[in-house]
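There are two complexes below, and they share subunit A, which is joined by subunit B in the first and by subunit C in the second.
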Partner chain A sequence: MQKYFHNLGEKIIVAILTISGTVTSLTVLLIVFFLFKEGLGIFSMSPVTEGTVIAVNNRNPVTSLSASQLKEISDQNITNWQEVGGLDAPIKIFRLDDITDYFTEDQLGADFEFMPQRINEVVVKDPHILAFFPDEYISKDFGGRQLQLANITVWDFLAGREWYPTISPAVRMGVLPLILGTLWVSFGAILIALPLGLATAIYMAEIASNRVRGILKPIIELLAGIPSVVFGFFGLVVIVPLIQDIFGLPVGETALAGSVILGIMALPTIISVSEDAMRTTPRAMKEASLALGASKWQTIYKVIIPYSISGISTAAILGIGRAIGETMAVLMVTGNASVIPDTFLEPVRTIPATIAAELGEAPQGGIHYKALFALGCILFLLTLIINVTVDLVSAKNKANR
Partner chain B sequence: MSFHDGKSTNNGKRLAQGTAFAVFRALSLLVVAILVIILAFIIVQGISVISWEFLTEMPKEGMTAGGIFPAIVGTFCLVAGSMIFAFPIGVMSGIYMNEYLKDGYLKRFIKLMTNNLAGVPSIVFGLFGMALFVNRFGFGDSILAGSLTLGLLALPVVIRTTEESLKAIDDSFRIGSLALGATKWQTTSRVVLPIAFPNIITGLILSIGRVSGETAPILFTVAAYFLPRLPTSIFDQVMALPYHLYVISTSGTNIEASRAMAYGTAFILILIVLVVNLLANWLRRYFAKRVKMN
Partner chain C sequence: MLLTTVLLGACGRSGETQGNNTEAGGNAPTNITIKGSDTVLPLAQQEAEKYMQKNAGAYITIVGGGTGVGISAMQEGTTDLAMASRPLKTEEKLKLKGAAKDVKEALIAYDALSVVVHPSNKVNQLTREQLERIFTGKITNWKEVGGNDEKIVAYSRETSSGTYEFFKEHVLDKKNYAPGILMMPATGSIVQSVSQTTGAIGYIGLAYETKEVKALSVSYDQGKTFVAPSVEAAKNKSYPISRPLFLFYDNSVAGKIKPFLDYIMSAEGQKIVLETGYVPLG
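Take a look at the complex of A and B:
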């Protein structure tokens, strides 16, 4: 009987442990589910800004416009209905502000109570009109025709060069500037961190005495422990003004400032991973090299570095991963202008910074909200690729030994 | 002739080595210098701000004066909440993976998933926490939602340290215990865990350090811009130190006037990191000594 309870106890414990063991996997799956459920929703949404009506005259043969056509029309690059499949007539754009060109304030009413009726009159009267106005002003017996916009496509989203998520009448959700901004800043960070980190790793693994190494190791750990918001603050009050002075820029919040801060933040990862890799070089290999008359330095760059190259590349990949996903520090120092940068001395905006800056203002379930989740999906996929690559590299490494 | 050649290449070799080593030493010094500069800058600027009022009073006058008491309390709540969740699950998960799970595809899969979770950017945790805890579960912006989000973020750290400290224990302990007739759980709980305990605690302390400084995951799950009162339940919003630093250094009502407050807040954050690291190092050394004595 006692033995039976004993076994039962063991079984319950194993069950509890098993459940705990699945929590991380479950979390990853849930993250994927929620991120993609919200994020992919954007591709079944029309880019018309919420609460905006896009309307034409009833006699106008045009029934739908794409988001890019609408953008060209607003930018005055398309001025004739013929170019979007209509009659040969100039496009007359009407925005709410233009109403005063048509009617006096008295005709609109003191509280704009006649506004819906007046807008209706404008749209019905002009066959070539393209009207944008808030949906609160649409009259019950509206005589025009509302235009639908084609849904946002994956291509529009990924290759679009403009990110104006709240612009009216139609939002522009091109994430290319954000993706490029992220890559620019991360690339710059790794350019700074890799040489510095590798040199330190070589020094710690092969050159420094045990005592010096014993001092360096906790220092690197300490660097890894500093919160990113503190790095961001330091960047804001020290690095940004410094860059502004050195290069004589109007603002110091640039891609370079982001790269410097991210470079410092990526250092601990790069140092500890590549140092560990170098330390696994078999002693016999090092001693053989030294016995053949090679100097210590020759041994380092002809034996140890080639031997640990996959570990070093893992370190570089992990460093890039850290830089791509970093949010607060980048948000605070890069200036957050959503333009495609030409040099490191311009402000950029990264994917994580965009999410952090805009999610608070995006109404839940709206197109902006979904677009930010779609950005989260991109970020998640990037880091997933990085992690799987690292896993494969280290698995291959183990198999080779 | 050949002797002379040999000597000159030897000299060249020595010169190359000397130069290379000097460069590496200089670059390593640079890394140390960077850390020292950051720490020194924040400590020097921040320490003069620290006073009893700063630590115990509510922020005043558009967060340009007064103290950061609600942010300290908020961060404490979040750290405690996330650890209540992450520590037991993380340790149990680590035990399961190292002691119970046999090598194979399942183990590789769980490992890969844990590594992936560790690599997920903190802002994605924020998105996820908002979608699941705040919206789906309806917790709203609350300590509960923020703690769970931060707990998930800390989970891989706890699992990894637990696993590593278990792995470091020699199998002879387990075999000896099993041979004496102990069950698997008796062996794990009475032989293996006590030896691994100090290292597991070190992992706990390090993850406290990590959680206390995270900003992105709490942006949309709990953090309040300005809330000059203390929380009364786990469904309240709170201010938190890292978010407070972000707010007063970038978007406060008067950034220049609140700079001193920002230095003070950054100082407190650095202080937490320093204490956590020193404590972890001290614990490691202390227990290493004790194990040696045994």
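Take a look at the complex of A and C:
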């Protein structure tokens, strides 16, 4: 009887473990699926702000405009139809709010019931007009010509250099500056954190006395517990002016400031994980090396580091992971200008900072919302690539040993 | 991120012994929901807190999210009052008409935007056209507007901010910001950055002005008159970069919210406006 219960208990525990493992894996897969489903939706959408009609007069020879031409026109950098393949005449922009310049409220009707008709009149009358208005006010016998814009392509999205997700009448979704910004900042962070972290880990694992180690370890662990917004504030008040002074820059909010802060934030992870890995080196191996006449540094370099390389790789992955996905600290110190940086001393905008700053305002299901999810997909793929690469490298190292 | 829900109903309990309220029906429990502009949010919170201390039984729930959010919630009937940092757009009026809403507006205060630079900057005044050219990236050096030979570093808020939209519409003439503009997550960060960057320029709410930054005088008539930002200048409308703050409501709930609106308009309510850093009506 007791044995029966014993077996039953074991079975229940096994069942619970199996279920929780399955559920967790499924949840992760579902999250990834959801991310990509929402993100890829952007490539079937037109860049025109939802429900907006872009129309010209019938006699206008221009039949299509690109999203970038529309932006230049609303910025008044393009002011003549000739520049977009039309006649030599100034472009007259008409927005819905301008209707009151053409008609009185009486003419529009008490409930704006004459609105479609009035807009039609405006568009038909002026041969050089470019009108933007909501599609519910397009009249049945609309006398102008509607312009359609091509959908956003993968190439436009990935290689575009302009990130204007909220402008009307057509948004510009180019994420190249954001991807490069993220890579610059993360690369800089790991360049700073990895050598420093490894040096500290070697010191703590092999060189420091037990007393020093007992003091250092809790201090470094304390560093891991500081919230990222505090790091961001520290960065903005201390690191940013420091960088500005040292390099004599007009502005201190740069990729380098982000890298320094992220480097500091990644340090505790890199130190503790690689130190633990080094301490697992068998005593026999170290003593054998020393007995053969190797110096302390030779032992560290030839025995301990190769033995713990997979642990060190893991430390690096976790460090990069923290750097690439970090939001708040970066949002505060990198300046968030969406331009492609040439050096570490220029402002950059990263993917996580963009998502954090903009998701709150993006209407659900809209093009901006989908673009932010697509950015999430890119971030996911970036970390995936890094993880796989490091896995391959450390597997190869193990095989060589 | 932008949703700050405040439910301060419990605060009213302690102050209720002070006797009868003057408003009719003040003791009957009323629930008011308010939604909309993040600019109006801190003011509405202060007003609601004080109002609930005086009126036991009044429960006011306030949610931010932005002017557009508040107005669409009012259209759907999910909020009583919509906070707004700009008048209704023609499109919104049309939509509200479509939803059979008889919308009333209550102007509760003004907010002025100051254009600020580093205190060491020689430049004291700019025209609207110069500001437009700076923020759209056409002017990049201070010497072009009478300052030292130094690169201009322009700071803006993030796109989710109503201030960003307001500045774009009223100062940039609806043109887009240059891509090289630095975007800061909060007004406080702009103040901090401008105070430590000699070539910086940024825009902030009047209430955020500190000694670490210098506010510029602005001209909207091609440089004939320059006006420095101040509560007085915003009040008499001589300072051009100011905006009205509104509460919108449907006429069907007018009876329920009138005591609260009256409180905001009272001398005491307008004192809170000034204390919160905005410009009172009077």
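What to note about this one:
Just so it is clear, the second predicted complex is superposed on the first by the 263 of 401 C-alpha atoms of A that agree within 3 Å, B and C clash if a C-alpha of one lies under 4 Å from a C-alpha of the other, contacts with A are read in each partner's own complex, and residues count from 1 in each chain.
Simple rule for what comes next: contacts are C-beta pairs under 8 Å (C-beta built on N, C-alpha and C of every residue); 3 or more make two chains touch, one makes a residue touch a chain.
Just so we're clear, the structure is a prediction, and the values are computed from it rather than from any experiment.
For subunit A, the partner with contacts to more residues, out of subunit B and subunit C, is B.
In the superposition on chain A, contact of A:F157 is made with neither subunit B nor subunit C. By the touch criterion defined above, A:W184 reaches neither subunit B nor subunit C.
Looking at the shared chain after the overlay, A:F142 reaches neither subunit B nor subunit C. Judged by the touch definition given at the top, the superposed model places A:V14 against subunit B, while subunit C stays out of reach. When the two complexes are overlaid on their common chain A, residue A:I271 makes contact with subunit B while staying clear of subunit C.
Using the contact criterion defined above for the overlaid structures, shared-chain residue A:A356 touches subunit B and also reaches subunit C. By the document's definition of touching, of the two partners only subunit C reaches A:A337; subunit B does not. In the superposition on chain A, contact of A:E253 is made with subunit C only, not with subunit B. Look at A:P134: by the touch rule set out above, it reaches subunit C but stays clear of subunit B.
Residues common to the contacts of subunit A with subunit B and with subunit C across the two structures: 236-237, 331-332, 356, 359-360.
Listing the residues of subunit A that touch subunit B in their complex gives 6, 9-10, 13-14, 16-18, 20-25, 27-28, 30-31, 34-35, 38, 195-197, 199-200, 202-204, 207-208, 216, 218-223, 225-234, 236-238, 264, 267, 271, 295-298, 300, 318, 321, 324-328, 331-332, 352, 355-356, 359-360, 364, 372-373, 376, 379-380, 383-384, 386-388, 390-391.
Considering their complex, residues 13-14, 16-17, 20-21, 23-25, 27-28, 30-32, 34-35, 38-39, 41-42, 88-90, 92-93, 95-97, 100-101, 109-110, 112-117, 119-124, 126-128, 130-132, 135-136, 152, 155-156, 159, 183-185, 206, 209-210, 212-216, 219-220, 242-243, 245-246, 249-250, 259, 262, 266, 269-270, 273-274, 276-277, 281 of subunit B touch subunit A. Those residues of subunit C lying in contact with subunit A across their complex are 1-3, 65-66, 89-91, 93-94, 97, 136, 150-151, 153, 158-160, 174-176, 179-185, 189, 192-193, 196-200.
Contact residues on subunit A toward subunit C in their complex (touch as defined above): 71, 74-76, 96-97, 99-100, 111-112, 115, 134, 137, 161-167, 177, 236-237, 240-241, 244, 250-253, 331-332, 335-339, 347, 349, 356-361.
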